[in-house]
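Below is one structure. I have some questions about it.
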Amino acid sequence: MGWLTRIMMPPQGSTFAGEVDTVYMALFWLSVVLFLGIAVPALYFAWRYRYRAGRVTPHVTHNTTLEIVWSVLPLLLCVGIFFWGLKGWMEYSVAPGEAMEIQITARKWNWAFEYPDGSRDAGTLHVPVNKPVKFIMTSEDVIHDFFVPDMRVKHDIIPGRYTEVWFTPTVLGSHNVTCAEYCGKGHSDMRGTVIVESDADFQNYLATGGTEWEAYKNNMADWGKIQWERKGCNSCHTLDGSKSKGPTWKGIWGSMVKMTDGNSYLVDEAYIKESENLPQAKIVEGFQPIMPTFQGLIKPHEFEGIVALIKSLQ
Amino acid sequence: MEYQVLTMGAKTGSLPRPRKNYLNESHGFMSWAGTLDHKRIGIMYLVGVLTAFLLGGMFALLIRLTLLTPTHTLFGSKTPLITAEQYNRVFTLHGAIMVFLFIIPAIPASLGNFVLPLMLGAKDVAFPRLNLASFYLWVTGAAMAILAMVLGAVDTGWTFYTPYSTTTDGPVTLMTAAVFVLGFSSIFTGLNFIATTHKLRAPGMGWFDMPLFIWGIYSTGLIQVLATPVLGITLVLLMLERGFGIGIFDPRIGGDPVLFQHFFWFYSHPAVYIMILPGMAIISELIPTFSHKTIFGYRAIAYSSVSLALVSFIVWGHHMFVAGQSQLATVVFSALTFLVAIPSGVKVFNWLGTMYQGNISLETPMCYAISFLILFAIGGLTGIFLGTLSTDVHLTDTYFVVAHFHYVMMGGTVTAFLGGLHYWWPKMTGRMPSETWGRTACVLYTVGFNMTFLTQFFLGSKGMPRRYYNYLDQFQPLHAFSTVGSWVIGLSLFMTLAYLLASLRKPMDAPDNPWGGTTLEWQCSSPPIMHNFEEQPVVERDPYDYRPVKGT
Amino acid sequence: MSTTSVDLPSHGGHGEHGHGLGDPHHQHHFATMEQQFDTAKLGMWLFLATEILLFGGLFVGFGLMQARYPREFVEAHTHLVRWQGSLNTVILLISSFTMVMAVQSAKNNKKQKTSFFLVLTILCAFGFLVVKYFEYSHKFEEGWLPGKFYRATGDSIPGSHGYATFFAFYFMMTGLHGIHILAGIGLLSWILMRTRRGEFSHTYYTPVDLVGLYWHIVDLIWIYLFPLYYLIQ
């Protein structure tokens, strides 16, 4: 049966996934059986009892016993399914006491994460494998939803409130995050990644932002491109000159760009830094003031990479 | 086909065709625009809702075309068919038009208006002027919605969740006002039908002598009257929040966004039963008629209609399992949701019990009835996945939900609507449409429907969220298949429109009772005279009585 | 089902008058005037049910907001003047009484009395609106306005949204009620004109009865609004 689960469900990435998939597959087979139990008689009767002139049909008005049976049996089945679903859901609703807390701030159209040690990041979430992690979530604007299909978790993120969701990841690697509550133009671009790694790698990441970047020391533009994807810059800025929600990065380095305040400014490192921290300070003409701030969410070497990337796109 | 067994129920004898009927009784624009005849009002509604269906359908085809490729481009073009902002408006309009302009009014206001008084042996509905007012409210709401479209349309989704809807640009207030007006159209229709059912039944027709179609429309009316006002006030609150910043839904000004969802779904869940109950009501007519056998479990079906109407009011939180409502509420709503599944199942089993040992003729209406059984079964069964808490967490807000509700709303209600349309077409127009085209279109429709929406269950379970313009490449094959399916549906529906319109050019020669039905509408001429019956019918038998008369 | 037939007087065309059905108000699709009257009453009760649900949503919303901002709501309540609310309650109760008398008079063919009581009811309605006018003006002066227009000073929790929310609900609920009073004045005037034209009698007084039912519901809704807003202090 595993092949069917693999066809219908995403890879199993958390301790929830097995249980959810089991319930799902059980309901799937139950539905197949019940569906055939309805469709087969419907089609069979249509053929077996097809019209013949002069035939008289039996005048059978009702059968109370049958009504009771086919009301009570499905009801009992439903009660069983309800409790089975409840069991899984109760696990999902109550995080273990020792779960590590990570704060998620959702905003149009980007994810910001803050770890217990105060370090912050955007777009890409790091978690240690086989340890429960609990997310305390709020939104800066409209309702969003943190959905990680591989982990089988989802919960709305509401402005003015905190909501929670948790999971224990079991599989190393990266897993998709998608926003699952319609939030406007960039809803389908509001993606993220969960990187599940060993505890050592995770601690390393928290301390230094990871060692991955060292491999790119001679090619910071490539590292910058990776940040462009991971932080979520790519949901609004293109690299190839095509139009999107924010200005393209192609060809802007070292140029004078006209802003909505009527003045033109040089695109240099200082300008890019200001755009990262105070995006509303200058708005490029022809665009809307919709960029959220990334203050504290981009590490120094990541910033270097982004600058290198933009320089390389002249 | 001539039904040779002359049953006590199904008189198919031929009365002379009256020269004047409700269509040619009077002429001119005002004789229609100012009519108080429920049949003419039904026809006007029919034209209106079918136009809305066409418009909503065009938006659906556009959605599917946009999702054909991840880049939204066609034929090697570099520019996307539509932008993300336009896409958000298109899916909002598709939903809003289909829900408020088409599905909610369609069966009750078009077919129901035409048939209900006939089935009751009455000359009209209880309040003919209110009926006309309902129609004009529908027209007004439609005009306001179209104006909102012209003024740039809204991108909130048909569910108008706050604070997005209180803060986004666009004619949101106008659109919600349109829905408010349409809500009153629905309330007055329901009110009219409830009063008609209580007071205008023919002599001899007790509650349990009524056709089951009436039970279904009556139960629908109960929901229309009790639930729609709550939507009305919710929309007023939304409009006032946009205009006056009253701070009930937007947290920045002291409100609670989840409160909006509670108010909204308190109406909108019962609303989906406003949509399906009339469809089930039609199936309860089609199956005994085309099986030439009495309905199995009359009272069970009647009671299940009313219990669906009542239980529908206490399950709204199942739309909000991950929305931030309390855990207790979530558990309670899940449990109650399973309860509401039972009456629907009871109906399906009784319909199958009717077909068993029947004498089944497969004309177009019956083809749609069988299609309904198949499609509604899938829709209803997939509801179980969503009512089950642990699976709902994964599946909610994904394409699984989109597939589920299209199976019940379109695979259920629209299929039944098409069946009813073909069933009562001879009565309404005096013509028989082509059976060959009808059955072909039905099969094409059923195949296309499954192509389009069965795939979407898999898209959802694999993690594709709904209302998504951009999607991961891995989902493209399923999306493409779904899009091709939408073309097959579109083809079948255009075919249906074409041959139905073509039938209007045939001579008006349909028999009074082409299908051998036993309910009262088949005892008047096709089409009926202005006052429906030459003489007041008096009822002395059960409905759906197919026992033969003595001596034949 | 088989059908036998019952002879009915023949008639043609739609419309209300002159079918040879006796009473000119007898609509053709009803067998008897009594059936028509019963049906009209049922229809009116159904409509009143929708009114209850319409206002009900606002009552629920108010309750939830009160739970969210208990201190602000209690404080905001003190800005409502009890004697004005009580006066309006008395006015509406009197108007319900005069309405009942009007319906009775119409039923008993007493044209003068019916007019008299209808006029009294209309005057009460206007009186209600006059008191409301003074109440609203005072609120506008003090800045106790809904939502983003709230500009009063002297609140004990300045900056809290609770006050603006309270007044948003106050104006919404009393405003919606006031619109229903206005509509009621319109309906009562229409009934008054028809009474003066001599249209009503013991065989046909349905519109008076139905407007009476509507008026009682409008009164009843106020009976719930009054303690909610004026007596909790």
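Going by the order they are written in, the chains are A, B and C; count residues from 1 in each one.
To be clear about the criterion, a contact is a pair of C-beta atoms (placed from the backbone, for glycine too) under 8 Å apart; a residue touches a chain by one contact, two chains touch by 3 or more.
Everything numeric in this text was worked out from a predicted model, so none of it was measured.
Comparing mean CA positions across the assembly, the chain most remote from chain C is A. Centrality annotation: B (chain centre taken as mean Cα position, compared with the mean over all protein Cα atoms). Put simply, the C-alpha centre of chain B and that of chain C have 34 angstrom between them. Separating the centre of chain A from that of chain C, both taken as means of CA atoms, is a distance of 51 Å. Within chain B, contacts with two or more other chains are made by residues 256, 542, 545. Under the contact definition stated at the top, not a single residue of chain C touches 2 or more other chains. Looking at the complex, you find that chain B touches chain A at residues 1, 4-5, 84-85, 88, 155, 157, 161, 163-164, 167-168, 251-252, 256-258, 291-300, 322-324, 327, 330-331, 334-335, 338-339, 341-342, 345-346, 348-350, 352-353, 355-362, 366, 370, 373-374, 377-378, 381-382, 384-385, 387-394, 396-398, 458, 461-463, 465-472, 542, 545-548.
Residues 1-8, 11, 13-15, 27-31, 35, 38-40, 42-43, 46-47, 49-51, 53-58, 61, 64-65, 68-69, 146-149, 160-162, 164-165, 168-169, 172 of chain C are the ones that touch chain B when the two sit in their complex. Residue ranges on chain A touching chain B, taken from their complex, read 7-10, 16, 19-20, 23-24, 27, 30-31, 34-35, 38-39, 41-43, 45-46, 49-63, 66-67, 70-71, 74-75, 78-79, 81-82, 84-89, 92-93, 141-143, 145, 147, 149-150, 152-156, 158-161, 163, 176, 178-189. Contact residues of chain B toward chain C in the complex are 8-9, 11, 35-37, 117, 121-128, 130, 187, 191-192, 194-195, 198-200, 203, 209, 225-230, 232-234, 236-237, 240-241, 244-248, 253-256, 259, 263, 518-520, 523, 530-531, 534-543, 545.
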